[in-house]
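Take a look at the structure below.
Labels A, B, C and D are assigned to the chains in the order they are written; within every chain, residues are numbered from 1.
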Amino acid sequence: MQKLKVAILGATGAVGQRFVQLLEGHPWFEIHELVASTRSAGRTYGEATNWVLDGEPPREIAEMTVKELGEPLESPLVFSALPSDTAREIEIHLAEAGHVVCSNASANRMVHDVPLLIPEVNADHVRLIDQQRQQRGWQSGAVVTNSNCTSMPVTMALAPLLQFEPTHLQLVSMQAISGAGYPGVASLDILDNVIPYIGGEEEKLAIEPRKMLGILADDLSSVHLMPATISTSCNRVPVLDAHLVSMAVRFATNPTMADIEAAWEAFVAPNVVQGLPSAPPQPVIYTRAADRPQPRRDRMAGNGMSTVVGRLRDCAALDGVQFLALAHNTIRGAAGCSILNAELLAATGYIHAFDTALIHRV
Amino acid sequence: MQKLKVAILGATGAVGQRFVQLLEGHPWFEIHELVASTRSAGRTYGEATNWVLDGEPPREIAEMTVKELGEPLESPLVFSALPSDTAREIEIHLAEAGHVVCSNASANRMVHDVPLLIPEVNADHVRLIDQQRQQRGWQSGAVVTNSNCTSMPVTMALAPLLQFEPTHLQLVSMQAISGAGYPGVASLDILDNVIPYIGGEEEKLAIEPRKMLGILADDLSSVHLMPATISTSCNRVPVLDAHLVSMAVRFATNPTMADIEAAWEAFVAPNVVQGLPSAPPQPVIYTRAADRPQPRRDRMAGNGMSTVVGRLRDCAALDGVQFLALAHNTIRGAAGCSILNAELLAATGYIHAFDTALIHRV
Amino acid sequence: MQKLKVAILGATGAVGQRFVQLLEGHPWFEIHELVASTRSAGRTYGEATNWVLDGEPPREIAEMTVKELGEPLESPLVFSALPSDTAREIEIHLAEAGHVVCSNASANRMVHDVPLLIPEVNADHVRLIDQQRQQRGWQSGAVVTNSNCTSMPVTMALAPLLQFEPTHLQLVSMQAISGAGYPGVASLDILDNVIPYIGGEEEKLAIEPRKMLGILADDLSSVHLMPATISTSCNRVPVLDAHLVSMAVRFATNPTMADIEAAWEAFVAPNVVQGLPSAPPQPVIYTRAADRPQPRRDRMAGNGMSTVVGRLRDCAALDGVQFLALAHNTIRGAAGCSILNAELLAATGYIHAFDTALIHRV
Amino acid sequence: MQKLKVAILGATGAVGQRFVQLLEGHPWFEIHELVASTRSAGRTYGEATNWVLDGEPPREIAEMTVKELGEPLESPLVFSALPSDTAREIEIHLAEAGHVVCSNASANRMVHDVPLLIPEVNADHVRLIDQQRQQRGWQSGAVVTNSNCTSMPVTMALAPLLQFEPTHLQLVSMQAISGAGYPGVASLDILDNVIPYIGGEEEKLAIEPRKMLGILADDLSSVHLMPATISTSCNRVPVLDAHLVSMAVRFATNPTMADIEAAWEAFVAPNVVQGLPSAPPQPVIYTRAADRPQPRRDRMAGNGMSTVVGRLRDCAALDGVQFLALAHNTIRGAAGCSILNAELLAATGYIHAFDTALIHRV
């Protein structure tokens, strides 16, 4: 059996580095190509990269030569950690050329036939790929996206509660600096400070959860957005990793607190997802501690792939409930989710080059 | 002319230190007595105090001997920086003994005949003192409180908007560590972290603004609470000073954005307040900057006595508006407000020992 | 085969929690008793402990009942995370009662017949136990200590250089807040600040490395201190974990830079130590990066058990060299080192109850 | 009387902003021209500047139009906050054109006829200007520099001790992020971290104090460097402002601790300096507190213009003493020192256009 070869676009950036880190020792995938801009191309990954994560890049990866963005790629699976502007067309071109692209970029997330995917939440949305391929005339290529890093914990926390029909959400985020990439937030801006504004973030947070929690149209052509009203306020706080969101939610069905707690505790991923290598044992962890979730102490729950919710209580102002949700923004909210998405595509047959014998090997 | 002698209860604590700092060179008041617990009593203030503010305590104050809580006091005006439990009875006893007590403690804030005062907002509530004195048989004594440090910017930001009849508020705070006093928040808890819980804070924030924005009863016996529904979520962030509050507000009258901006920009303190030594030139400063207010950069606005509001925008979820409000929690939200309250009492004749010639001296 | 039962003294404190965390899944040892003060005794560990590390305590440990300090213990091996004052006599009493005590407390470190142990550096010092047992009439008991958390990286960095005869050291530390335990350093003291003083630390740092790098007397009765002059300056910085030390060293033999680099790169632990479960693959990691070691990025090297050194360069003022050394203060500099010490004692036969078959099992 | 018109080069950068802030309300100087790169030129200062200091730029300054670097200037006095590469030639050209340039850039600091000036320390070095003008054929122009921000507290702390003949210095700095300008240090690099390297800093710190503490040659042509050996180790710490330096010093004359303390306490600026508007009452403040100086609590001593020294004690390794020195890096160590230098030049007649009547006005 041969692991599937993968390429990473934008491999030298902060999210690209997370892909490298999380793919080390992956049972199904192996890094075959590292792709970056002209400035880095032709150098070894170790030379081209200012590694901002802990420790050092894996030795064998550090010695690989970086390819230039635009060169033809060999890998059937491509992870994109590109900036949104750059991503838009390149991802489409790669899909046309037959690659399955799992993207962390925002560019194509809201395109009608592109799945915006959290496997535990909307695994069935992968079927948009059938439509995507048919309409666009692609054989083996596809573009799949994962959500904005703040939309992630919000969506995961709501997924078990969909049955209660959320109608109004007031979301206030406290987001980590790593969400801005590198160099990203200047230390002079954030030490002993909060910045109550993150460009473009509030708009994404107001729409992306509605797509992920929406219903696949009967003709598989698109997703009907969840009919909820979402207002958002996004803040940058002096925290390295993990986004914490204070959520106030009104439901059409007025569930009790006990109903909500039970729904969170009963929540499991679909069977096909549970066995995926990067799937956390518990996608949603509900804590009854008085002062949790906390970014530093809870971000590595489920190896950084779980969402932790807590402090469930009444919200009179919205005639609903309040609680907090937290997820690791560069693992679950970025590279880790892309990898889990790719695993789902592999397991469900959307990556033709993937040797399914790998699934049962472990 | 002789400045009014004042005592500070809890003088060695973090808020007590702010009183000492802010009273240095005050044109009307002079520190005459420093009062603390048995542990500190009998020592000089310099020895007894672990000064946690910048620099050093003023030299002449450092050499004063600390009195023990419970000793009779000579000062007609007493500032209380006591913990709430200790404050409850001591403040009442001191008022009985003829002292005017301006308290930062929460114990007596919601007592029906005790003013909960922000001079720019509800200066007329001082008239509760008439009732207080009559009913309790006090001649010159009184108890007046200032609000919780988070209720402060919320109330100040709403005061100009009362005309639009706020009915529902969803408040999410990001609060500085100095709000917990000293030693307060352990650094191991807050570095690279957010703690989404502050004991007792959410309850205070849900009720205190309603009293301060309420209407004095015709018989002056109490305050009718503002009839609004307030939900609250309080978070501690790694910031030294200043509380930032993300506010979502629904109004009964559906004001436009322009109405709200105009109301903030037109807001001024009552005449009697404008001339007080600690009154800021602008109680509410509305900023149109995209990313303000920020705790570090805006907390010293108006010498730490102004509230800065910004990022006014629509809030579909609550069918109202969203914005942020910020104030310095240990200046405007604690010692500074107590001092301004005392100045108002002095200027309006409630401190009998005060020589009103001081008012016109400057 | 049966794992060795161990007790943890001071189990609810910050270092005690690290013992719990690091012993989870240990191949030789299993936690059998958790011991703390009266306040915690009788409660479950989960209830009694304010867990300050990431995540949660292991479930089965959380359900164990905490014993009171002073109760007789069943475990042959005892880890002590007690405060120094409490530790002094209790550790001796437990050794008298037959327990092998591996202590992180400073109380007994400089006692002449107590090994102050870093297995990679001075494994032969374990032979002080023979003397300890003989002179004190102990059969199976013993007291072994690990060093102060700042002495650790200093000693480890110097061990490979002993051959060059260090004679003068000027040490300036930048230490993490976790070194002060919990609640430890108040956030109001350390945010946006450095505290250039840590009580008792400079004295320990000036003497402990000399014992660890000293030579065991021929009669095994004590250790001859390394004859070097050490000056120290200790600073607390706003870093969670890992102590960084700027070291300037003069040697009697004037080694070249290349000599020093070669010595670091050639350094390995004694054979008996290399196979221990907690021994890192490389005790000393020399980095040529221009800006390393860094606390956050290098503290987990070797699972937090390696010391990282870097920035080797000339030091004209001391007529020697300068470099930086870093180690994780609560892993390698505290609980992790105690555990490694215990592993060495087990492997060398000093813990009679230990089933040596475990060593070869893997 | 007319205030002297001044220009600020690099006015939109972080140090340029400090110039603007510190010159507000200056009794002798008024900002007449703001100069920056092409990107900013032609826009108002408010539009062109991302103000990173607290609050807002002064309103009247914000409305001034920014000039382009290279345009002829009208102001007799020019403050340079340029990057070093840009500064080198431009500063010389401006001096040729008749301007007195007080520069914070490093480019010309070590040029033999350019004063590297701290008025309290080496006011007599201004006489290099006579040589500078004569040799270069300048009439009214001149270039004067202030030191690197870390060299500042080191030099000031040593100035009173020159009488004891310092011969060897081992310096370890803990430097604030503002020293790197804006955007400067990425928050991902410095939160929960120390970076033990600052490009070019160790070299400057090893030489600049020797020039400032050196002796003016009899022929006024240059400065004889102080004959001391200085080794340096520079670290970036998560502190906003103020550089703290751990200093170990050997003296030729073996002064006692009491000698050193007395020297610090007796130190005063020369008479001509004492009356300058920006001169602090005490250039060197010696504190006996156990845990000071601290960056946050001591940086504003003397309005940010004093150097605070403390923790004097023995240093066996260097056969001398150890202590800590601290100064505000962007006030005393940058813009504030340039302004004080300019005041000295004005007061000593080196700025021909300056109306000396201003000196006596106050």
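Simple rule for what comes next: a contact is a pair of C-beta atoms (placed from the backbone, for glycine too) under 8 Å apart; a residue touches a chain by one contact, two chains touch by 3 or more.
Every value quoted in this text rests on a predicted model; they were computed, and no experiment measured them.
Novice: Count the C-beta pairs in contact for B-C and for A-B, then report the pair with the higher count.
Specialist: Of B-C and A-B, it is A-B that has more C-beta pairs in contact.
Novice: Centre-to-centre on C-alpha atoms, which chain is most distant from subunit B?
Specialist: Measuring from the centre of subunit B, the most distant chain centre belongs to C.
Novice: Averaged over CA atoms, how far is the centre of subunit B from the centre of subunit C? Could you give it in whole Å?
Specialist: 48
Novice: Report, in whole Å, the distance between the mean C-alpha point of subunit B and the mean C-alpha point of subunit D.
Specialist: Measuring from centre to centre gives 40 Å for this pair.
Novice: Roughly how far is subunit A from subunit B, going centre to centre by Cα mean, in whole Å?
Specialist: Taking the average C-alpha coordinate of subunit A and of subunit B, the gap between them is 44 Å.
Novice: Do you know which subunit D residues sit against two or more other chains?
Specialist: 191-192, 238, 240, 296-297
Novice: Given the complex with subunit B, which residues does subunit D contribute to the contact?
Specialist: Its residues touching subunit B are 53-55, 191-192, 296-301.
Novice: Under the touch definition given earlier, write down the residues of subunit B that touch subunit A in their complex.
Specialist: 168-170, 172, 174, 191-197, 229-231, 233, 235, 237-240, 244, 246, 248, 250, 290-297, 310-311, 314-318, 322, 324
Novice: Could you list, by residue number, the parts of subunit B that touch subunit C in their complex?
Specialist: 14, 52, 177-178, 182-192, 238, 240
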